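Next come the structures, one after another.
What follows is a pair of complexes built around subunit A, which joins subunit B in one and subunit C in the other.
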Partner chain A sequence: MSAVLQNLIDQPYKHGFVTDIESDVVPKGLNESVIRSISARKNEPEWLLEFRLTAYRHWLTMTEPTWPNVTYPPIDFQDISYYSAPKPKKKLASMDEVDPELLRTFEKLGVPMHEQAALAGVAVDVIFDSVSVTTTYKKKLADVGVIFCSFSEAVHEHPELIRKYLGSVVPAGDNFYAALNSAVFTDGSFCFIPKGVKCPMELSTYFRINTQESGQFERTLIVAEEGASVSYLEGCTAPQFDTNQLHAAVVELVALDRASIKYSTVQNWYAGDENGVGGIYNFVTKRGLCQGVDSKISWTQVETGSAITWKYPSCVLLGDNSVGEFYSVALTNHLQQADTGTKMVHIGKNTRSTIISKGISAGRSNNSYRGLVKIAASAHGARNFSQCDSMLIGDRCSASTFPYIQVQNNGAKVEHEATTSKIGEDQLFYFASRGIDPEEAVSMIINGFVKDVFTQLPMEFAVEAGRLLGLKLEGSVG
Partner chain B sequence: MAETTSGARTFLDSLLAGAEAGSDALKTLRARALERANALSVPTTRHEEWRFTDLTPLSRMAFRQATAGAALDASAIAHWTVPEAATRLVFVDGHFSVALSSIVSVDGVRVERLADAFATGNAVLASHLGQIAGFEHDPFVAANTARLADGVLVHATRNAFAAQPIHCLFVSTQADVVQQARVLVVAEDGASVTILEDHVATHDGAYCVNAVVEIDVGANARVRHVKLQRDGKKAFHLATTAARVARDGTYSNLAVTLGARLSRNNVHVLQGGTGTHFELDGLALIDGRQLADTRTFVDHAQPHGTSRQLHKCVVGGGAHAVFNGRILVREDAQKTDSTQESRNLLLSEKAHVDTKPQLEIFADDVKCAHGAAVGQLEAEEVFYLMSRGLSESVSRSLLTYGFAADIVGRIGIPSIVRQLDAAVVERTGGQEIA
Partner chain C sequence: MSESTGKVLLDVRNLSATVAGVQILKGIDFTVRAGEVHAIMGPNGSGKSTFSKVLAGHPSYEVTGGEVEFDGQDLLALPAEVRARAGFFLSFQYPVEVPGVANSQFLRLAYNTVMGGRGREELDPLEFDDYVREKLQLLEMDPAFLERSVNTGFSGGEKKRNEILQMALLEPTLAFLDETDSGLDIDALRIVAHGVNSLRASGNAIVLVTHYQRLLNYIVPDFVHVMDGGRLVKTGGKELALELEARGYDWIGREAA
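On to the complex of A and B.
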C-alpha cells in the first residue's frame, strides 16, 4: 500500500512559475524610513503613517514567538524587501487592458479571469503582488451600497471607516507578526456591507506572491453592519522559489447586530520541494469580532500549501447569542509544518461555537491542531462543540493536538473530541472487494474524511478545494 | 525555568535545608540533585507547564523542615487504618514511626524503610533510586532527592505476589513545616503488588508535602498504585509519580484529590518495552478556594502499548481544577491504542476548569482518541429524579455522587471505597442520600 500512497502523495507543485513582470521594489531592510517610504509611495494620510510607526515601535520591543510546534531557521527581518508593486501602475478600466502576461498567469492556475468574471455572481479583486490591478463588478456592488475595493483605495475614499475599524479586532501590538504587518502592510482588501444589505454575490480575492524574496503583508478588513451578510472567498497560490518567503497577513472581521460573515480560504502557497527547500512561511493573524447580538462569523479553511503554516482564525463572541464556527482541513506533505487551529472566546450570553478540524499528514510532515475554547464568567449558557480528527499517511509524519479548554462559567457546556487514524488495510481491502482500485479508494476515503468541512465551502471553492487535495494527494479526486 | 523570585527561592531553600549523612552513593545522588535544585528556580505561570497554577502563595509561606514531633498515639490514626492492609508504614511529619508501623512479611516481597536499606546497602537502590523520577528539570523532585533520608522501599522479587495492599501513610501533625515523602517500588518480572499512598493531617494549619514516588515494573509484572491525597485544607501538596514499565507489564494509577489548598500531581509513565498496559484514573473533588492541578504524561515509546485514562473533576465553591494530559506516541510505537477522557462538573458559578488533553503522535498505525467535557448537571436528569419524588438538592447530590463514584468504585479496596464514599457524600450534599 505504501508504494501506491507514496506515488499519490508525491505530486509535484503544478502552480510553480515566475511571471516576468517588471516590479517596483523598495530596498531590503526595515526601519522607520522604509515605513515612511512605503507610506509615501501609497500617498497615505498622516494618521495611517502614525499607526504604522506605533506598530513598528511596538514590534521592536517584541520577540518572535517560539511556542508553535514548528522549526525553521531564524528569519532575518532586515533581509526582506517590504514593498513591491508591478508596473505599469496606471488604472485599468476593462479586462482587455490587463497585462497579457498577468492574464496568462491566471490561466495557468486554472482560473482564467474571464471565466471567473463570467461565473455567476463572483467579483474578483485581483491582488497581484500587493497592489490591486483591477476590480470587477464594482458597479453592481455599489448599487446596493456594498464597498469592495483594495485597501489603499479605501484609505483614500473611506478614511472614516478605515480609521474606525482598522486595528479594532487585531490591535497593532497584538502579536509579533501582527505588529510587523501593521507596520509594513502594503495592500489588501476592504469590504463594507451597510445596514440590512445582503451582499448579492460571493466576494473573492486572489492573492499572489510574485517578486522573489518579497514578503507579502496583506491587510483585510470586512465590516458587516446591522443585519448585513456577506460571504468572502480567499484563494492563494504562489510560484516556485528556492528562498523562503515570509507571508504575514492580518484579517479583521467585524459583525454588528444580526450580521453574518462567512470567510472561506483555500491556501496553496508553494510548500517547498520534497527536501523542504523553499516554500512560504505563512504566519497569519485572523480574527473576527461578533460585536453585536445574534451575529455570526464562520471561518472555513483548506490549508494545503506553505512550508510552515501558523494561523488561528478566531472568533470573539462578544454579543449575546452570537455564533462562531471554524471548519478546517489542513494537509501537510514532505517536510511541511502546520500549527493551526482556532480560538473561540465566549463573552456574551448564550454564545455558541463549533470547531471541526481535519488534519492529514503525509511524508515527513508535522501537523498540529492548537485551539482555545474560553468561556468567560459572563458567558451564561455558552455552548461549544469541538472535533479534531487526524489522519496519518506514512510512519514518518506526526499529528498533534493541543486543545486548551478554559471554563469559568458553570452554565456553559463544552465538549471536545479528538481521534487519530490511518487508512486501514481493511478499508482498502473492502474497496478492493468491490472492484475499486487503491487509488480511487484512497481518494474516496480522504473525501469522506474531509466531507464535513467541504460541505461548508461555497460551490466554486468546493470544486477548487477538491482539485487542490487532488494535486496534493492523488491523480484525481473522485 | 529561567526566572527566579526571591520569595520562591526562599521556599526552595527551606526545602533544601539540612541534608543528612548516608552512604557514598547516596551522597553523590544527593549532591547531584542539590546542584540541580540550586540551579533551578520555582516555576511561574509564564512556564507553559505551570500556566494555570500560580505558586506565589507558596513562596509567601515561611516553612521550615519538619522535625520529629511528639509521638502520635495509635488512636489518632485509627480511622485512617486500612483493615485490608496488614503492612503499614507510617511517617509522621516525614519521620518514620516505629510504634505505628507494622510490617508483615510476604514471601518474595520485601518492605522496608529506605533508611534501613541505605544502611544495609541494598543493591536495588543503586540501580533504581533517583533514576526513574528525573530531577534535571524539576526543582521539587530535585529538592526531594537532595534531602533524601528516609521513605519506603517495596521490593518484589521475581513472580512474587502480594495479595494485600501495602499502606504508606504520611501524617502531618505540625503547621508551617515542609515534609518530604519518598517511595520506591521495584517489581521484578512477573511480580504483583498494590501500593496505597495516603496523605492525611491531624490539624488545620498550613504545611507543605513534597512527595516523589518511583515505580519500576518488570516484564509481565503488575503494579497497582492508589494515591489518596487527603491533606488539610490549607496545605500545599507537590507530588511526582514516575513509573517505568517493561515488556507486557501493567501499571495502574488511581489518584483521588480531596485536600490541600494547592495541589499539583505529576504522573509520568514511560513505556520501556512492548505490549505494556497503563491505566490512569483520577478524581478531584474540590471546593472553597482549592486548586487541584493534575498533569499526566503517558510516553508510548515502544510498540503495542495500550493506555486507558479517565480523569474527573467535581468543582464547587470558587475552586479551580486544572488537568493537562499529554499522550506521546513516539516514532516507532506502532499499534499503540490509547484513550483519554477528561470529564468536569462545575457545581457553582465561581468554579472553573482549565483542561488540556494533548496528543502528540509520530507513528501512523495507532488508535488514539481523547475527549474532554465541561458542564453542569443535566437539567433533564435532575428533573427525572425529581419526578420520582426526590427533592432537587437530593437529586443533585445523587447525580454528583454518581459522577464521582465511578472512579471511587475502581479502587478495589473495600474499606477505602467506604471511606471515600462517605467523603464524597459529605461533599456532594450531606447526609440526605446516605
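On to the complex of A and C.
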C-alpha cells in the first residue's frame, strides 16, 4: 500500500515550461550602483531611490534569520540578478500589442488576459519576472474610483499615495528579506479603494518567474479607505529549473475605519523535483494593518509550491473592534520545507482574531506551523481562537507546531487547539473495504481536512485550489 | 448441523498467511454456502481476525499459500476495493476514525461505488438521505449520525452500529463480522443482532468471528468452527458454542493434538 501512497503523491509539476522571450537582465550582483541602475531603468523619483538605498544600507547590517525550522545551503546574494524584464518592442497601448509569446504563456497557465475572454468579474494584473505586463479592467474600475495598476505605474501616477503608505506596515528594515525587497523590488501591484466604495470585482495578480538566474522581488500595496471593501487574489507559478530561485516579496495592507480587505493566495511556485533539486525559495513578508475602528483583514492562503516557504501573513489590530483572520492550507511533498503561520497583534479594544491552519505533509517533507498571538496591555476584551491541525501522509514526513502566546491583558481570552492525524494504511484499507479506491479515499480525506479553509476562498479560486491539491496528491494507482 | 444445499459462495483451500514475516494462518480449509450462518470462535491470538483481514485484502498480510474462490472469482487476485464491489464485506473490530469527512458523504460514496457497480442507480445527496434514513431505523440510529465525521468520537457501540449500517447499505453476498459484539451493552447487542438477522437471505451468507458465545444467542449459526494456532481445528453445530462457553478452549487443543 505504501507504493500506492507513493504513486498518489508523485505527480509532475504542470507549469514547468520556460517562455523563450528576450529579456532585459541586470548583471548578477548587488551593490548601490545596481540599485541606482534599477531605479534609473524605472525612471523613479529621488525619494524612492533614497528609500531603496536606506533599505540596502540597513540590509548590509542584518543577518539572515536562522530560527525557521528549515535547512538550505547559504544563499550567495551576489550570484543573483536583481532585475529581469521581458523586452517590449515599444510602449504598449493595448493588449493586442503584448508579445504573442507572453500571451501564449499566460493562456497556457490559464490566466485570462483578454478582457472579453476573461472570467466575469476578475481584473488581473500580470507580473512576468519582475515587471507588470498588463492590467485588465482598469477603465471599468476607474469609473468607481478604484485604482488598480502596477506598482511602477502607481509611483508615477499616484506618488502621494505611494509615499504615504509604502513601508507604513512593513518598514524597510523590518527583517532581512523585507529589507532586501525594499532595496531591489522591481514591480508589483497597487490597489486603492476610496472611501465608501465596495470594489465591484475581484482583483487578482498573477506572478510568473521565467528567468533562471534572477530573483523575484515584488511589492504589493493595498489601501482600503473608510468603509471600503475589496477581495484580492494572488496566484504564482514558475518554470522547472535545477537551480533555486529566490522570491522575496513584501505585501502591505492598510484598512481604515470599517474597511475590509480579503486577501487570498494560491501559491504554486515550482517545488523542486522528488530529490529536492531546484525550486523556489519563497521568503515573503505579508502584513496587514487594521488601522481603523471596525476594520477587518482576512488572509487565506493555499501553499502548495516552493522548495522552501517562509511566510507569516499577519494582522496588526490597532483599531478598536478590528478583526484579523488567517486561514491556511500548506501542503508539502517530496523534500519541500514549509515554516509558515501568522502573527496576530492585538492593540485596540475588543479586537478579535481567528487562526485556522491546516498542514499536510507527504513524502519526506517537513511542515511547520509557527504563530504568534500577542495581546497588548491596551487590548481590553481581546479574543483569539487558534486551531492548528496537521495531517501526515505516509511515514517519512514530519509536522511541527510552534505556537507563541504573549498576553499582557488579564481580560483577554485566548484559545488554542491542535490535532495531528495520519492517512495511513488502515484508513485507506477501511475505504477500500467499502469499495472506494485509494485515490478517491485520499481526495475525500484531504478535502474533509481542508474544507474549513477552502470555504473562505472565492468560488473560482476554491475550484482552482481544489484541483491543485488534487494534482499534487492524486494520480494513477500503480 | 443443517443440511447444505445452497450454492458455494466461498471456498478457502489450505490458506496460509504471514504478517511482518510471522506465520499466522497455517492452512485453512473453509466453505460457505448461500443461506448459511457460520461462527468462527477461538482464543485470542488464534488467527480469527487475521483470517477476516486476509480475505478482505489488508495490505499488511502476505498470503503464502492456498487458494480462495469467492462467487466464482479468484478472490486473492483482486484488490481490496474490488473484493468489496464484488460483494465481500468486512465489519471491522476497530473501525477507523476519519475526521472531517461527514458520515453521510462517506456512506453515499461507498453506496454509489458498490451498488452503482452492480447496476443500481447512483443517488444524489437528497435521494441518498431518504434512502439511508430507512436503514438508520433498522439500527435505531439517530439521523444526527449522518452529519458527524466518520466514526470520530463515536462510542464503541455507535461504531459497531455504523458498521452494520454499511452492511445494510452495501448488501454484501458474504459478510464477515469481526468481534461485532465486543464493546456492546445488552441493548445495543440486541439491536445490532436484529439488524443483522433482518439482512439474512437465501442468497447471502454471514460469518461471525467472535470470542464469546453470547452473540450466538441472538444470531444463531448453522455451523460453529474453532480456530486455534492458525487452523480450524474443530467444526460442529450451534451446540458446540455452548460447550465452548462451558468448558473453555483448552480441551480442544488437547483433543486436536
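Rule of thumb we're sticking to: the second predicted complex is superposed on the first by the 454 of 478 C-alpha atoms of A that agree within 3 Å, B and C clash if a C-alpha of one lies under 4 Å from a C-alpha of the other, contacts with A are read in each partner's own complex, and residues count from 1 in each chain.
Keep this in mind: a contact is a pair of C-beta atoms (placed from the backbone, for glycine too) under 8 Å apart; a residue touches a chain by one contact, two chains touch by 3 or more.
Here the structure is a predicted model, which is why all the values come from computation and not from measurement.
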Contact-wise, after the overlay, does A:T54 reach subunit B, subunit C, both or neither (first, second, both, neither)? neither
Is A:G411 contacted by the first partner subunit B, the second partner subunit C, both or neither? first
Once the structures are superposed on A, label A:T354 by its partner contacts, choosing first (subunit B), second (subunit C), both or neither. neither
Which partner does A:E440 contact after superposing on A: first (subunit B), second (subunit C), both, neither? second
Answer with first, second, both or neither: which of subunit B and subunit C does A:G394 touch in the superposed model? first
Using the superposition on chain A described above, determine whether A:T419 touches subunit B (first), subunit C (second), both, or neither. both
So, does A:F449 touch the first partner subunit B, the second partner subunit C, both, or neither? second
Between subunit B and subunit C, point out the one touching more subunit A residues. B
After superposition on the shared chain, which partner residues are touched by A:Y430: those of subunit B (first), subunit C (second), both, or neither? second
The intersection of the subunit A residues contacting subunit B with those contacting subunit C is 419, 421
Spell out the residues on subunit A that touch subunit C in their complex, using ranges where they run on. 1, 419, 421, 425-427, 429-438, 440, 444-445, 447-449, 451
Help me check something: in the complex, which residues belonging to subunit C touch subunit A? 56-60, 79-81, 83-85, 89-90, 92, 95-96, 98-102, 105-106, 109-110, 113-114, 117, 149, 166, 170
Inside the complex, what are the residues of subunit A that reach subunit B? 67, 375, 377, 390, 392-422
Residues of subunit B touching subunit A in the complex: 48, 331-332, 334, 344, 346-376
